[in-house]
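Next come two complexes built around chain A: one with chain B, the other with chain C.
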Partner chain A sequence: MAHFTKATSVHDWLNQRLGIDTVRRVMATEYWIPKNINFLWAMGMVLAITFALLLVSGIFLLMYYQPNIATAFDSVNYTIMNEVEFGWLWRHIHGVAASVVFLIIYIHMFTGIYYGSYKKGREMIWISGMLLFVTFSAEAFSGYMLPWGQMSYWAGMVITNLFAGGSLHADGLVEWIRGDYVPAQAFLTRFFMLHVLLLPLAILGLIGLHFGALRIPHVNNQDGEEIDFEVEAAKYKAGDKAGSKVIAFVNDFLSKDMMVVAIYLIFFFYLVFYHFNFAMDPVNFDPADGLKTPAHIYPEWYFLWSYEILRPFSTDVGLIAFAFAQVIFVLLPFLDRSPNAVPASRRGLFQVWFWLMLVDMIVLTAMGKLPPEGVFSTIGLYAALTFIALWIALPIITMFEKKA
Partner chain B sequence: MKNSSRRGFMGKAFGAVAGVGAVAALYAMKKTWDPLPSVKAAGFTTLDMSAYKENELVTEKWRGKPIFVLKYTPEMMSQLTEKQKGRTISVGGSDYMVTLGLCTHLGCIPSYNADEKGFLCACHGGTYDFTGDVTKLPPPRGLDIPPFKIEGNTLVLGEVGPEYSQMKETGITL
Partner chain C sequence: MKELLILVVVTIFTLATYYLVEPFAHSQMHKHVESEHFAYNDLPKLTATGDATRGAELVMGGAGCTGCHSIDVAGMPAPMDAVTAAASYGVNPPDLSNAGAVYDAKFLAELIKNPAHALLVEHKFDMDKGQMHPMVAFYGTGGDLDQEVADMVAYLQSIAVKPEELTPAIAYETVCGRCHANHYAKWTQIGTTPTFKYEKESLAFQIQVLEYQDSLVKYMGTLPPDLSIYIRSRGEHYIETFMENPQNYLKGTAMPRVGVNKHAAEQVIEYLKDSGDAKRHEREEVGKYVMIFMVIFAIFAILWKKQVWRDLH
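And then the complex of A and B:
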């Protein structure tokens, strides 16, 4: 039995039972962050805050939303939007956050790629991050089903059909996923379950893993410098804060992080109040109709690049290309054969690779939005081929990279 | 030594019980996701084929899915190639296209252009001729034909008649 003494304060009472001083030291005041980083390192915190916004707004939507194919559409578009006081606020926060979260995820990912923050012990950070990306994609897709509008229905139809695997004709699998021959009540209720319980739980677990994976390697820095955290931390603790290369997570770094978060939130609420329309597809304001496809079916902007990789090919080749695009980023730490964990600007051909990849994904996104005709089809096809070629080239160009 | 082998045995015994339990639980979960019997016992749809007008696409419904019915004009009937004839259903002296109204690529509903006598799928730009045969990628094959049986002037969807069996054997539909 541990030894307990009469507590001298509430703090001491808790500390004896929960060890709160130790927790605070390990998680906050002695968790070291390099000084040499920029605002791009605040994106993780921005993501955590955006997830909190989704969670809170989602809880309020959940109080009036009805997962029934007869009432879902009105429960969102009439009850929540017109009857519930401030119902529009939760819906706009939820919709805008679901869209913006992907913009931040992409910035966060490309920051990692640019600075080589996925190698030398940081592989698990990258892999858990990609798992978060996949789960967030599933979360956004399942949420998109819920208002049961035309885009919900037809996106549900097209995406579940992907699981037939083209010529494999696994129609049984598709029907199993839907619980019906077409998206109907069973489909809506199970995607509702995924959206509000199972996937959010998985996301919370993965966020824990992501943070845990950061603990031992620490975050990277702008120059890819290998910092001896123990030596630098000792300097800091001895009072040489100016000479040390690191600062404490709390309060030093968090105050900087929160500065970026504050600027982000101003931009975010500007969108929520004045420019929410980009996150609300007008086609989805028509109720679902299984006998009428909308003239153009396109996914939300954040899925367009992978959709465009599917589109120019025949079904089977398209599916293989699409599957490739979905998983290939996970393998980045292993496909990059160079040991250099320094910014792309110091990595020769890799720098070219980085910018080509970024531009190619923007081109794919733009072409995915345009109708698949004429010159757009052609540009889309070449952009899709470029995407695949870049990944094949990666191991080769990084193998011959000089030590930086 | 004796102790550790006893612990080893307990570990294995627990593993075996847990393994059986896990498999049983997965089986139950899989079955819970299956379509319900009420969904599977989907009805049959009977179409009165004499009611359709020439070169006018009508969308019927069967098992929640759209069904395209198109009656050919005499001109369309005279143009048919051998392959197109194979996809055609004759009832009461007239020829019809009867297919699932879902693109064989990823399941959007193509739209019919009566002047050009063809279908366009807006989702990824696939096209079909008026018999439902594919004329432009990405769809991998023509529109699928639902199981049908000819009974006098009517067509029963969901039942398998000899004409349908033959289409399946010759690979005209899946």
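And then the complex of A and C:
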């Protein structure tokens, strides 16, 4: 039993019981971050803020949304949009944030790839981050089902069909996932549960893991320099803040984060109020109709690249290619055979690999939305083959990479 | 400087992706139809100057319009209620009180002389095959046909509301409302849903609507869609060009060209915005204040960063 004395203040009272000074020191004022970083290092905070916006707006939407196939559509488009005070605002924040969060995730991911931030002890940061990407994808997909519009219904139909595994004809599995032969009430209710409970819980847990994974290997810096954090921290604490290579998470790093967050929020709210259509597909403003297939069925933009890896091939080959695309990024720390944890600009062929991968994924994204006809399907096929070839080439080109 | 360069690279890749998946992809997926601004260039110009007094005599008498159409403002009641009329003609013939305000004059003239042609439904109503349009063509009462038609158009224009009095509701109800419900505006094909005290009254009204819809399905081939949030599912440009000529998008559709004039079309779109995007004014208003707040917040955030980092460099 610890020794407690009469508290001299509320702070002291709490400190004796919760150790808030220690928590503050460990989590904030003496949590060391390299100084040599650029604004791309603020994407974590931008993501945290966007996730908070999704969570808060989601709580408000949840008060009026009705997970029933007869009333879901109007509860969103009439009750929330027309009747509830500022319901439209929460919905547009939720819809735009769900799209923009993926833009930031991709920027965050490609920053990690460019600066080699998945190597030398940082593998778990990368893996937990990719698990977050997968759960965010599931969260986005399940949320997309809820307005029960045409695109909800038909995207739900197409994506759950993938689980039949092509020639395996695992139709029983598909029915088990849907709870019915086609997407219907059971389907909507279970995706509602996933969206508002199970997946958010998983995301919260994984965010904890992702932050925890940063603790021991520390944050990378923009030159891949190996920093002795203890020596540099001592320098900082001795008062040589200018000479130290590290800064404190609070206020040093946080002030820069908040600057980037503030500029990002200008962009974000511009989209919410004046340019929201990109995040809310017009087709989904038609109520779900199982007898009327829309002329074009496509997923939201952030799934298009993997959709396009599925589409140009025959069913079975396409499914294998699709499964490959889903898991391959997780394996990046092990497929990159080079010990160099430095920016791609100093890694020879890897630099070429990086930019090719980025451009290829943008091409795949564009072709994934366009109708699969004529030149678009040819470009899509070659872009999908390039994607696979790039991953096969990665271990080879990195094995022969010179020590940077 | 390096940060600025990185920002430029990130922005270029983001905009390129946006351009490809949004404006470019949609331009490839959807046919683009240019608006004709409701000019109806395929219809002949009115050559004669109409006389409203003579027009009134024709409309009420010789031309037989009031055999099927009501004219509320002139005290002419409908010969049958909406449900019975739909059972006879397929759709309830419109009240003519505001026809002169919502329909283009050239279109009205052509509609009187050759309804199937004005409505662009000749593929469905072919006289040679004995498919009669429910609205009977007017062949004249013995005088100059074009003069008589011009007189009738002049009469309809003289009794209709002035353009500035044409509300979105009058426009929608006259032009679209007899086929298209809009349940976000509480509109059914037979009128606005009243507030009922007893459930049996409510059910009786629903039965009327369903009976009307049954006739409509027989007439049109399918139930015309509810237009509650068409402004968001189709967008303003699509609705405008679709109204001008439904055949632009759906070759062979049973939906007629409705022949609205530009002003009435704008009012119809206003009605659709009121039902499908009701909070648009509030959105623009709140948006302004949020943007101002965010800019001030960003200025303080930048100043704070500068202050904290002064010691770090």
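In this section, the second predicted complex is superposed on the first by the 404 of 404 C-alpha atoms of A that agree within 3 Å, B and C clash if a C-alpha of one lies under 4 Å from a C-alpha of the other, contacts with A are read in each partner's own complex, and residues count from 1 in each chain.
The criterion applied here is as follows: a residue touches a chain if its C-beta (ideal position, glycine included) is under 8 Å from a C-beta of that chain, and two chains touch if they have at least 3 such contacts.
A quick note: this is a predicted structure, and the numbers were derived from the prediction, not measured.
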Simultaneous placement of chain C and chain B on chain A, clash or fit: fit
Once the shared chain is lined up, is A:Ser377 touching chain B (first), chain C (second), both, or neither of them? first
So, A:Arg337: does it touch chain B (first), chain C (second), both, or neither? neither
So if I put the vertex at the Cα centre of chain A, how wide is the angle out to the Cα centres of chain B and chain C? Nearest 10 degrees is fine. 60
By the touch definition at the top of the document, which applies to A:Ala184: first (chain B), second (chain C), both, or neither? first
Scan A:His296 for contacts with chain B and chain C and give back first, second, both or neither. both
Where does A:Arg311 make contact in the superposed view: on chain B (first), on chain C (second), on both, or on neither? first
Counting only touches as set out at the top, which of chain B and chain C does A:Asn161 meet: first, second, both, neither? first
Should A:Arg215 be classified as contacting the first partner (chain B), the second (chain C), both, or neither? neither
Which value in Å is the smallest Cα separation between chain B and chain C when the structures are fitted on chain A? 11
Check chain A for residues that touch chain B in one structure and chain C in the other, and list them. 295-296, 371
In their complex, what parts of chain A are in touch with chain C? 35, 38-40, 77-78, 81-82, 86, 88-89, 92, 103, 107, 241-242, 247, 251-252, 255-256, 258-259, 261-263, 265-266, 269-270, 272-274, 278, 280, 282-283, 285-286, 295-296, 301, 304, 358, 362, 365-366, 369-371, 376
Contacting residues of chain B [partner chain A, same complex]: 30, 33-36, 39, 42, 59, 61, 63-66, 101, 104-111, 122-125, 137-140, 174
Given the complex, residues on chain C that touch chain A span 2-3, 6-7, 10, 13-14, 16-18, 20-22, 24-25, 28-29, 184, 228-229, 232-235, 276, 278-279, 282-284, 286-287, 290-291, 294-295, 297-298, 300-302, 304-305, 307-309, 311-313
So, in the complex, the side of chain A touching chain B is made of residues 154, 157-158, 161-162, 166-167, 169, 175-182, 184, 186, 190, 290-297, 311-316, 318, 371-373, 377
